[in-house]
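One chain, chain A, appears in both complexes that follow, with chain B as partner in the first and chain C in the second.
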Partner chain A sequence: MRYLRLLYVNAVNTFRRDVAYFAENWSNVLSTLLFTLTAVLAIEAIFTNVNTIGSFDKNDVLFLMFLGQVSFYLIARVSFVPATEFAEEVNSGQLDFYLTRPVPLRFFIYTKSISFLIMVRDSLPPLIPLTFIVDWTALGVTGHSFLAGAVIFLLGMVIEHCMVYMLALTSIWSGSSNHTLSYFWASRAENRMPYENLYGWFQGAVFLGLPALLSSSLAASVMLGYSPAALRLAQVLAATVVWLIVHNYAWKKAMQTYSSASS
Partner chain B sequence: MVDAVMNKSRLFLAVARTEAQIYVFYPLEFVVAFINRGLAIFLSALFWVVAAEFGDNALLDRRFLLGYFLIVSGMTQISFANVNVASHLLRRIKSGAISSDLLKPIDPFALQYARSYGSQVQFLLISSVLTVVGVLYASDGFSPLLAVWAVLNMIIINYSLNRMTALIGFYVVEAAGIKNSLLHVLRLLQGMLIPLNLLPLVAQDVLFFTPFPSSLYMPIATLLGADIAISNYAIGTLWGLSLLPISAWQWKRATRKYEAVGL
Partner chain C sequence: MEKGHADVFICIIMTHQPIIRVKNLSKHFKLRTNKNILTGIWRPEYKTVAAVKDISFEITKGESVAFLGPNGAGKTTSTKMMTGLLYPTTGTIEILGHAPFDRKPQFLRKIGLVMGNKAGLNWDLTARQSFWLLQNIYEIEESMHAARVMELASMLKVENKLDQQVRRLSLGERMKLELIGAILHDPEVLFLDEPTIGLDVDAKRTVRKFLRKVQKEYGTTIILTSHDMDDIEEVSDRVLVINDGVIAYDNDLKKLVKTYSRHRYVRVLFKQPPSDAELEKLGTLTQQDSGVLLRVETKKAPAAIAELTTKYEVEDIHIESTPLETIIADIFAGS
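Right, the complex of A and B next:
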């Protein structure tokens, strides 16, 4: 109940802030719309030269892009923006004030600046046209493969959340994490890759430091039936457990370091 | 005249050096920025390698595509084809930090160019190396004269495009979204998303009458030894020579719009 109440208070707070400046950021909607439009045009251009890339045809790649976009808008607003704010607060000393509050610190930091309104505003305009561009009936998705892919999608997001906050935590040791947090953008530089056609070593590297490809490339491959669902699900589950353990350890170490630095 | 140019050059070099010195205090940031850029380039190159290897059309040449995207990273950084200088200036205009630049007896736009080169010295390093690697790996031989011509066109056009994008900040408070919108369109038209020779022929014919191919695609294709008509280089020069004074004139007009508390 306490956590839910905190979530509610934080959501109301960010909603009020977002509504106050809502009209100022409409150009972001245009930007996300144009990003999607140009990406779709690029895919169209690629598929005027080829019919398939590995087992993926144009429709599969568009679906892959759709998943990548959904995961981006979710993780950007749920994890990346709050983590960036957290790093700035460490840098400015603002974190001291949160440490004195009688609230569960990590949950408060995770939720205090999640902006659902901005997430919806920025994501819906580009995603809606994409849902009409993808031919859903032509996708080889079954009930089982969809379920397995959806779980992989969510676990990939959990791993990416852990990664983003671990990047932000480096500010406690180094004082600044601007470029460190930019790893998030670098790791999302390309998500149109058919997972099963990637090199073996790279498929492994995705679990270690490119979780965006788990929630896009791998999830799409499993949903479309190009990857063995049970095996991939087990691999992602194991990776999630490891990431959560490492993330918890890093958080504890960081907080101990921060306390000693302040005192 | 020569003395004035030398003095200005020394000043801009000093600004770039000062900006680069931030990494003495945050060495981790330098390393991570280096890794980030390398990763982003690697991921986009990997997509094209996969497309060439697993695509069903031999026209997608793996060697050309890999070389192309290695050089894209270098050329983008050298000429700020990603309107990065405009990004930084827009932030300075919005925050009012531009006030101190406007009071100095130097061109604030050129000053920002120097700052951007200094603060992104690590990107310049990795990009230059990758450009050389790309040329060595994929070039079929090129004319040095045409390469210099194409690179000069690119630098002049992107200088003007950055200036024209940055001045939006003097008219609109939230200009970052507009800048991002422009960037998404530029990425497609310049050949950052997809080599322009993979676009339909009609689109290529129309595009070559615009400044965009000269602002990125042309120097890369020239370095890779592609056969490009001389008239296309001339069109680039015409655009460069037209945009430079137009952007300077517009910049002058726009700065008159600027109002800041404290001036």
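Right, the complex of A and C next:
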């Protein structure tokens, strides 16, 4: 109940903060719209000469793109922006205020600046056209594969969340993590590759270094029935456990190391 | 002993029980010494710097104690260890029966922290909106919270600033609201790090009066770190002077002034000023402006004043104690 209450208060206060600056950042909507448009045009261009890439036809690739975009908007607003803010607070010493208040620290940091309003504002304009472009009835999704894919999608998001905060936590040792955090977007640069088409070693590497591919490529592959659901689910589950353990350890070490910016 | 007397006796004992116990506290920091970037990465070398060296003290409930010292003396490090922000290298701290670094909610509910150069309130929200978050963090009942906000806001005369975005407020208004935020939950111990930094004279005075009132009315124990001697004189009763990581002085502020105040400053306005040579026989002539300022040894002051007033025609005379700044500078200089 206390957690829900804090989540509610943080959400309302973040909403108020977003409203105060709502006129700003509309360029985000334009840039994501432009990105979606060029990506759809690129897919159109590729599929004028080929019918499939690996096992994926054009509609599958569009669905993959849809999933990739959903994960992008979620991770950006739920994890990346709050993690960046956290790194800045470490740098400025603001973290002192959370450490000296009776709050469940990690929960509070994770939830204190999730911009639901901005997430909706930025994601709906590009996602709505995509939902009309994808032919949902032609996708080979079954109830079973959808469920497995959805769990993989969520676990992939959890791993990405761990990754973002582990990158942000480096600010506790180095004082800043602006450049370190940019690795996260580099790892997300291309998340619309059909998973089954990746090299064998690369398929394994995504679990460690490119988790963005889990919530898009692998989730889409399982949903569409191109990947064995049970095996992939077990692999992602194991990867999630490893990431969570490492992430918890990183938090523990970071909090022991935190020396607070001097005043 | 009658019951009433016993209650009073117990009460006196309770109020004089230390609520902060610091014993043999030290904090060492490891600093990298390599200046060359390449060798620094390849073969890093470190040196250990002792910021706080084996200090011990106790603070009782309701006391107002100032930590005083030059930059890098170890006072902020000590305060951070007491608030649980830093883990001590050696020694123990016990505050209200808790080890601060455990950061247990029961402990954190009992302390408040104000940092003059850091904003605890959200810059983009109004103070009232930030207080709402604090209300939920400290689980304060709605009616009690509203009454407390209004009571504290009226004490600091910022009732009409509660609904303005914090970034639109002046520094003084913001600091007053920061103070309210820090004591909304009625903490037993309030830590203040440079609470008046950058404020104008009026705002400083209001903040100091407010802190004294909080200490007296709510029985809050105040731990103050400041470079401003007026803050210390007006807010604190006891001073812990820290220099180079060790406590150079720990006692009553008045005693400090009395012990170290070896001189009196006599400001005199003469009708017909005597020569400098004549005045320098009485003390050190430190200033000559609208009148003269003589620094005289405390024990010789009565004789000097008598001589000044009988030998010369004096229009006005004013006797001042050694400024606290000078006393502290003397302690730091080891004199």
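Assume the second predicted complex is superposed on the first by the 258 of 263 C-alpha atoms of A that agree within 3 Å, B and C clash if a C-alpha of one lies under 4 Å from a C-alpha of the other, contacts with A are read in each partner's own complex, and residues count from 1 in each chain.
The criterion applied here is as follows: a contact is a pair of C-beta atoms (placed from the backbone, for glycine too) under 8 Å apart; a residue touches a chain by one contact, two chains touch by 3 or more.
Fair warning: this is a prediction, and the values are worked out from it, not measured in the lab.
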Partner chain(s) touched by A:258 [first = chain B, second = chain C, both, neither]: second
Which superposed partner A:10 touches (first chain B, second chain C, both, neither): second
Which of chain B and chain C A:92 touches, first, second, both or neither: second
Touched partner set for A:121, first chain B, second chain C, both or neither: neither
Touched chain A residues, chain B compared with chain C: B
Chain B and chain C contact sites that coincide on chain A, given as residue numbers: none
Interfacial residue positions of chain C with respect to chain A in the complex: 29, 76, 80, 83-87, 103, 105-106, 108-109, 111, 113, 115-120, 122, 124-125, 129-130, 132-134, 136-139, 165, 193-194
Chain A partner contacts - residues on chain B that touch it in the complex: 25-26, 28-30, 32-33, 35-37, 39-41, 43-44, 46-47, 50-51, 53-57, 59-60, 172-178, 180-181, 184-185, 187-188, 193-194, 198-200
In the complex with chain B, residue positions of chain A that touch it: 24-31, 34-35, 37-39, 41-42, 45-46, 48-54, 170, 174-180, 182-183, 185-187, 189-190, 192-194, 197-198, 202
In the complex with chain C, residue positions of chain A that touch it: 2, 5-6, 9-10, 13, 16-17, 20-21, 92-94, 96-97, 99-103, 256, 258-260, 262-263
